[in-house]
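Two complexes, one shared chain (subunit A), two partners (subunit B, subunit C).
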Partner chain A sequence: MTLLLRELKILLRSPAGAIQSLMFAVLVIALFPLAITPDPDQLAPLGIGLIWVVTLLACLLAADKSLASDYADGSLEQMVLSDYPLWWMCLVKSMAHWVSCALPLLLMAPILGAMLAMPLDRIVWLMASLVLGSPILSLFCMLGAMLTVGLNQSSALLPILIAPFLVPTLILGTQWATTGGEAFYGYMLAALLCLSVVTLPFATAVVAKIAVSR
Partner chain B sequence: MWRWFHQWGSPKFFYHRSGALLPVLALASVLILGCGVVWGLLIAPADYQQGESVRIMYVHVPAAILAQSSYAMMAIMALISLIWRLKIADAAVQTVAPIGACVTLLALATGSLWGKPMWGTYWVWDARLTSTLILFFLFAGVLALRNAAGQSQSAGRAASVLAVIGLLNLPIIKYSVDWWFTLHQPASFTLTERPAMPFSMWGPLLMMVVGFYAWFFLAWLIRLRHELVKREVRTDWVQQMIKQ
Partner chain C sequence: MLQIESLSCFRQDRFLFKDLNAKVLPGQALQIVGENGSGKTTLFKILAGLFDEYEGRVILADAGRPLYLGHRYAVNDQLTPIENLNFLLKLNDIQQAEGLLTAALARFQLCSGLDQPCAALSEGQKKRVALARLMLTSARIWLLDEAFSALDAPGRAVLSEVCQAHLASGGTLIFSSHQGIPEFASAAQLHLKAEL
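Moving on, here comes the complex of A and B:
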């Protein structure tokens, strides 16, 4: 619990990272109408997919920063060495990544949707799919950050490693939203979330030990 | 029994014993692949629907089968190296990754060459094509991590964890891609699968599959032996070999 409070405090005192990923998302969404067409009829069907992809990219971009400072000042090593359960630390780190990166985007989704001329019911389903899907993104991003922490080109390497693992989440999330809440996709997305929550923190903990011994 | 297994974990023992396998594998891959190529590309009949293009299948199908199973082999080796910390398993993971990536690329390339005359396009977002593409990205991830992290022991373990997680994720990726395609729209293209393939066609195909495997193990073994010597260059047995 103290760990969670620590992460949230860090976040509150330096919100630059969260603002950065939000700005990135808004900017990229603004580029699409410029590049494709400003015609609302053509933009609206693309909205769900574009916002999902931008969310995924924003999460990947922010991931390596979330561990870099902990690794640099040695607090990651202390967390691994302490008798604190390491998987819990990894889960908390993922939650912090979600709060700093996915949550602002989730709250911005209506505005992003409006920029892409999406109807209201589409926006609601988009937000629902992001609520279920984005925690999976954060869990995988933390795994990738742990795999690449302390390496030279970690910010370039991380998306290559992790993006293939995000494909099922992306597919299920966008399909659920596009079909207007077809139950099958929703159940599968929820199942994937449960599976990720109970397995990925442990995998990340294994990787954390390797990262510290590097 | 256990002693027998343990022996193979020692790089020295493995290097000396596996040398005998090299000519066997080399001969097998040359003979089987040679016969398969002649039989498949020259003798086997052209398909009544696909015409001569069906011959691409004699390269494509073995490559696709090998692509998937080489990932599985890599992940199993990675699991072994994580659990028992065998040096040789780690070297095996490192050496099989580039071969697997190349085979996956070969499967993708031959598939798209076959797709142009058959489907009228080099690429469709078909479920199988997409999951093979993702398989290639998984191989690329393991390779990239290995390159960035260098030769240290922790680098190998990190790459091994990635490979194992990849294997566990592969069914999830495969099924999600299947659902994405099948529920999204009715199949506009299906692989022309006829239930009864005549022997004149599956004979060379089977031969090519076996030949590909023989070649794959040969390439793997050569790379692995090379890697072992590189890693163990400071040990006595390698020094002795160099002197001889």
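Moving on, here comes the complex of A and C:
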């Protein structure tokens, strides 16, 4: 709990990163109708997919920032050396990442949806799919960030490394929302979330030990 | 007690160091001496348990987890000195009243600005925040990699006093320093020479 509070305090005092990914997402959604078509009938079917892609990219964009300062100032070394379970700290880091980039987008979803002329029931399903899906994105992003932290050009390497792993979540999430909640996609997405929560923090913890010995 | 037995480390196509032997008993200090790039930091990382690509043995006998303070001393710029200290102690599961934290910071001559983020502090002051942890830890083995650098003369004096108190209470100290520390002039030394 103390660790989560620490992460949130750091986020609150340097909100530039979170604001940057939110601005990126809002701008893409705002520019899209201008560049493609303002016609609501053509825009509405694209809404779910577009907001999902933007969420995914916003998560990737912010991934390396959340770890860079901990690596640079040596906090990561101290975390690895601590008596605390390292997987728990990796989970906390993923939660902080989720709070900083996925949560603002989730809260903005009704407005973003309205900008794309989406009907209300679509927006509700979109938000439901983001609630289930976006934590998976954050968990994978943290794994990727840990793999590349401290490497030169890590921000270029990270998306290449992690994007393929985000594709299943993207497909399940968008399908679930587009089909208006077909049980199969919902169950699969929930299963993927459970699997990620119980496995990825452990994988990230193993990688963290390698990261600090570089 | 800390013992190193024929420790060798091979890194980037050369031996960083080869066949190191040392033994430090409770109440004793050991100074690691070597030029830049001779592997001091790697040795500290090995002793701390951060780096395990080595041959030989490192024995930490019934002393618990050592406290490692490296070049990067884990002070976050966005947090205040108190919050930083709280986090570092929390990592080792130590809960201290805020009064003790301020006292520890005061020992290192940090009295004002404790509710300001550390970004406003100078490099030496940040180092003092990290060092204040020494006052509150229960670790018996201290690994201080270049802990004396970036400190002014009064700061170095406080640090040597704290270290001497630690030794007097039966603790173990392993440190490296490019400056001569008069208080530890008689400490045992371990010389690192890069093998070609």
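Everything that follows uses one rule, which is that the second predicted complex is superposed on the first by the 214 of 214 C-alpha atoms of A that agree within 3 Å, B and C clash if a C-alpha of one lies under 4 Å from a C-alpha of the other, contacts with A are read in each partner's own complex, and residues count from 1 in each chain.
In this text, contacts are C-beta pairs under 8 Å (C-beta built on N, C-alpha and C of every residue); 3 or more make two chains touch, one makes a residue touch a chain.
Please read all numbers here as calculations on a predicted model, not as lab measurements.
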item: Contacts of A:213 with subunit B and subunit C, given as first, second, both or neither; value: both
item: First (subunit B), second (subunit C), both or neither touched by A:41; value: neither
item: Touching partner for A:69 - first (subunit B), second (subunit C), both, neither; value: second
item: Touched partner set for A:79, first subunit B, second subunit C, both or neither; value: second
item: Partner chain(s) touched by A:14 [first = subunit B, second = subunit C, both, neither]; value: second
item: Touched partner set for A:6, first subunit B, second subunit C, both or neither; value: second
item: Comparison of subunit B and subunit C by subunit A residues contacted; value: B
item: Common ground on subunit A, meaning residues reached by subunit C in one complex and by subunit B in the other; value: 213
item: Footprint of subunit B on subunit A - complex, ascending; value: 143, 147-148, 151-154, 157, 160-165, 167-168, 171-172, 175, 184-185, 188, 192, 203, 206-207, 210-211, 213-214
item: Parts of subunit B lying in touch with subunit A, wherever the complex brings them together; value: 134, 137-138, 140-141, 144-145, 148-149, 152, 154-155, 157-158, 161-162, 165-166, 169, 172-173, 175-177, 179-180, 183-184
item: Contact footprint of subunit C on subunit A as seen in their complex; value: 2-3, 6, 9-10, 13-14, 69-70, 72-75, 77-84, 212-213
item: Subunit A partner contacts - residues on subunit C that touch it in the complex; value: 45, 48-53, 65, 68, 70-79, 83, 86-88, 90-93, 117
